[in-house]
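For reference, chains read A, B and C in written order, and residue numbers begin at 1 within each chain.
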Amino acid sequence: MWSYFANPHKFLRLSDWLAPLFYALSAVCIFYGLWQGLWVVPKDEYQGGDIMRVMFVHVPAAWLAMASYSALAIASFVWFVWRHELADIAAKAIAPLGATWTALCLATGSIWGKPTWGTWWQWDDPRMMSVLFLFFLFLGYMALRAAMDTRQKAARAGAILAMVGAINVPLIKFSVDLFTSLHQDASVITADGPKMAAVYLTPLLISALGHSLLFGGLVMTSMRTEIRERRIARLRARELEAF
Amino acid sequence: MRAPNTEPGRTALICWGSLIVLASRAQLAVGPHPRNKAAFAAAAEPAIPEMMDPQAAPLLSASGLGMIRGERVLFREVNLAVRTGEALVLRGANGTGKTTLLRILAGLTRPEAGRVARREAHHWVGHREGLKPQETPREHLKLWAQAWGTNVATDSVLTRMGLNRPADVAGRYLSAGQRRRTALARLLLEDRPVWLLDEPYTALDAEGRALVDALIAEHRSRGGSVIAAIHGEAGFAASGELTL
Amino acid sequence: MSAAPILAAFRQSLGEAWAGGAGALLPLGFLGGAAVLVPLGIGSDGDTLKAVGPGIIWVALALASLVTLERIFQADAEDGTLDLWLQAGAPVSAIAAAKTLAHWLSAGLPLALFSPLLALMFQAEASLALLSHVALYALGSLAFFFWGGVGAALSATVRRGGLLISLIALPLFVPTAIFGAIAMSGGPGSSGAPLFLAASTLFACAVAPYAMAAALRLAAD
């Protein structure tokens, strides 16, 4: 399977129809999720009333924040061990998109937090803190790649950092949990709340699927752009050599 | 406030730690990393007894080397070998990849294609001397003698290189030529069959150039070999030239 | 493999750290300066200072490690020493660890030893606990130096690498800062936290050298 996907030509052919399909399906899923979330499901007073409807963006964003960093770490690992160029292209494409969804998660969490917790930023919430540090890991990754002078060096440095970050994530998560467990009062309302009713869960899952499909589609498009950019750079270099 | 339940966390930490240890072991077990293939290939070559037929055993050889910087092809299909007593001169205009080729031969840079077989230890003198601003030539030589575990009298090396006067002057106050002499002095700390020299004459005066030539001649007469990137004239008779 | 190159790398880094300026005095001055700004900024109320004191010292330690680390691998990459260490015949990870340890000894450890004085300035009561805090600061700063070393090695060839090191190392500093702060809080969990601090420092010592080695090979490439 790896060698199949490692071939840029096959990837271009596959993504040629797969990416638009992802976009179409994601539009359907996201709009269904939003419609259900904003107009159909009853509001939940325990979760702060109408503001809980932000959940249909917030929870998918939180899922994608974690999933995208995992994908980044896996792509980096694959590149580091097998040196498939496509894995590096994937890592490069994932980082800014992952950072965007992570920022979206932080922003919606903050918006949700203001009316329920009474503050824009809750230092005692382990999830907010973990996602914040995830955001920093993404930023560091992108800054490091941008600072390297050739794409080969950017790939190597990025892969090392992504893997160092990935093995630290469990430790960071654990320490943040410990930190917040010491400070948190039992009365703080958490986003989990009581058991979630199916009336919320189904649109939420569909919304999460939609976001994932959109993310996948955008990653594919971004990878296609990067493949072509590298091809252009190669052609330019060949042209220069002919002089 | 409630006391944290640290027990599951501790278990998780321990599991995570062992996982990483196992993973690092596994990486060792699966064999050579692609990056180290050339080095491993060299190690796997059967050792050739030196005295039997020196002509048949290159001290260092490379085949099919190719290198890309950014998107630009620096060179491709470079083959070379040096045998005992030989001196190979690398030539080429600025930016053709002489330094990169030398770094590949030294194992500092990973080539995009091809492999290098290093059968003998080598000395490296790059265009950056490796001398710290606060380090004196004497300290520099002592440090590397210690690092390489050799017992050469640094005083005699300093005398040989004409570094007696600035022997205790910090690197930042030395002239470019004195720094270059200090770097070249490392060649005398330990007897290694292969010398990789990047522009050895840079910044040297006439006397210094003659000294380099004498060192190379001595080294070759002892059965050593030299690969040097040189602009302009080489003061020694090269046994081969490679133009990039 | 022999230990000689590793010892030599350690000795060279130690010399380098003590030669450039005033040795350990410079980081100490940095720590003192950073810590003195705090009471000026937040007011001189004794209880407030007592509450924030340990945290400020942790932050200052982290900053001091970042400032010190900026040059440790960058200088080697620039003057060609890195090329020599990579060919010295010892594992690069061991050499990187030796260099990091040398810099910790000349900047991190003095800061930790100096911390009781700062704690007194922050209205802490003079007690034996301050001495046990020295051990915690020393342990924590070792982790700061190792993770910071990964950032430093990755940005060894980057101009204005210091900013990049901070961004890379910040998330990696989190566990140490949290465990350290809990250990000193005297509240719940403070008895177990030193063990977690030690564990996370050991983790850093075990993992960071390999990442540094990979990054240094890249810097020389």
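FYI, a residue touches a chain if its C-beta (ideal position, glycine included) is under 8 Å from a C-beta of that chain, and two chains touch if they have at least 3 such contacts.
Since the model is a prediction, treat every value here as computed from it, not as a measurement.
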{"item": "Of all other chains, the one whose Cα centre sits farthest from chain A", "value": "B"}
{"item": "Comparison of B-C and A-B (more C-beta pairs in contact)", "value": "B-C"}
{"item": "Inter-chain centre distance, chain B versus chain C - centres from mean C-alpha coordinates, in Å", "value": "32"}
{"item": "Chain A and chain B, separation of their C-alpha mean positions in angstrom", "value": "43"}
{"item": "Chain C: positions in contact with at least two other chains", "value": "187-189, 196, 203, 207, 221"}
{"item": "Per-residue multi-chain contacts in chain A, two or more chains", "value": "149, 167, 171, 174, 178, 181-182"}
{"item": "Interface hub residues of chain B, defined as touching at least two other chains", "value": "1-2, 4, 6, 13, 20"}
{"item": "Complex contact set, residues of chain B against chain C", "value": "1-4, 6, 13, 17, 20-21, 24, 35, 103, 106-110, 122, 124, 126-135, 139, 143-144, 146-149, 183"}
{"item": "Chain A residues touching chain B - in the complex, by the definition given at the top", "value": "82-83, 149-152, 167, 170-171, 174, 177-178, 181-182, 185-186, 230, 233-234, 236-237, 240-241"}
{"item": "Chain A residues touching chain C - in the complex, by the definition given at the top", "value": "133-134, 136-137, 139-140, 143-144, 147-149, 153, 156-157, 160-161, 163-165, 167-168, 171-172, 174-176, 178-179, 181-182"}
{"item": "Chain A partner contacts - residues on chain B that touch it in the complex", "value": "1-2, 4-6, 9, 12-13, 16, 20, 34, 68-73"}
{"item": "Chain C to chain A touching residues, read off their complex", "value": "150, 154-155, 157-158, 161, 164, 167-168, 170-172, 174-175, 178-179, 181-182, 185, 187-189, 193, 196, 200, 203, 207-208, 211, 214-215, 218, 221"}
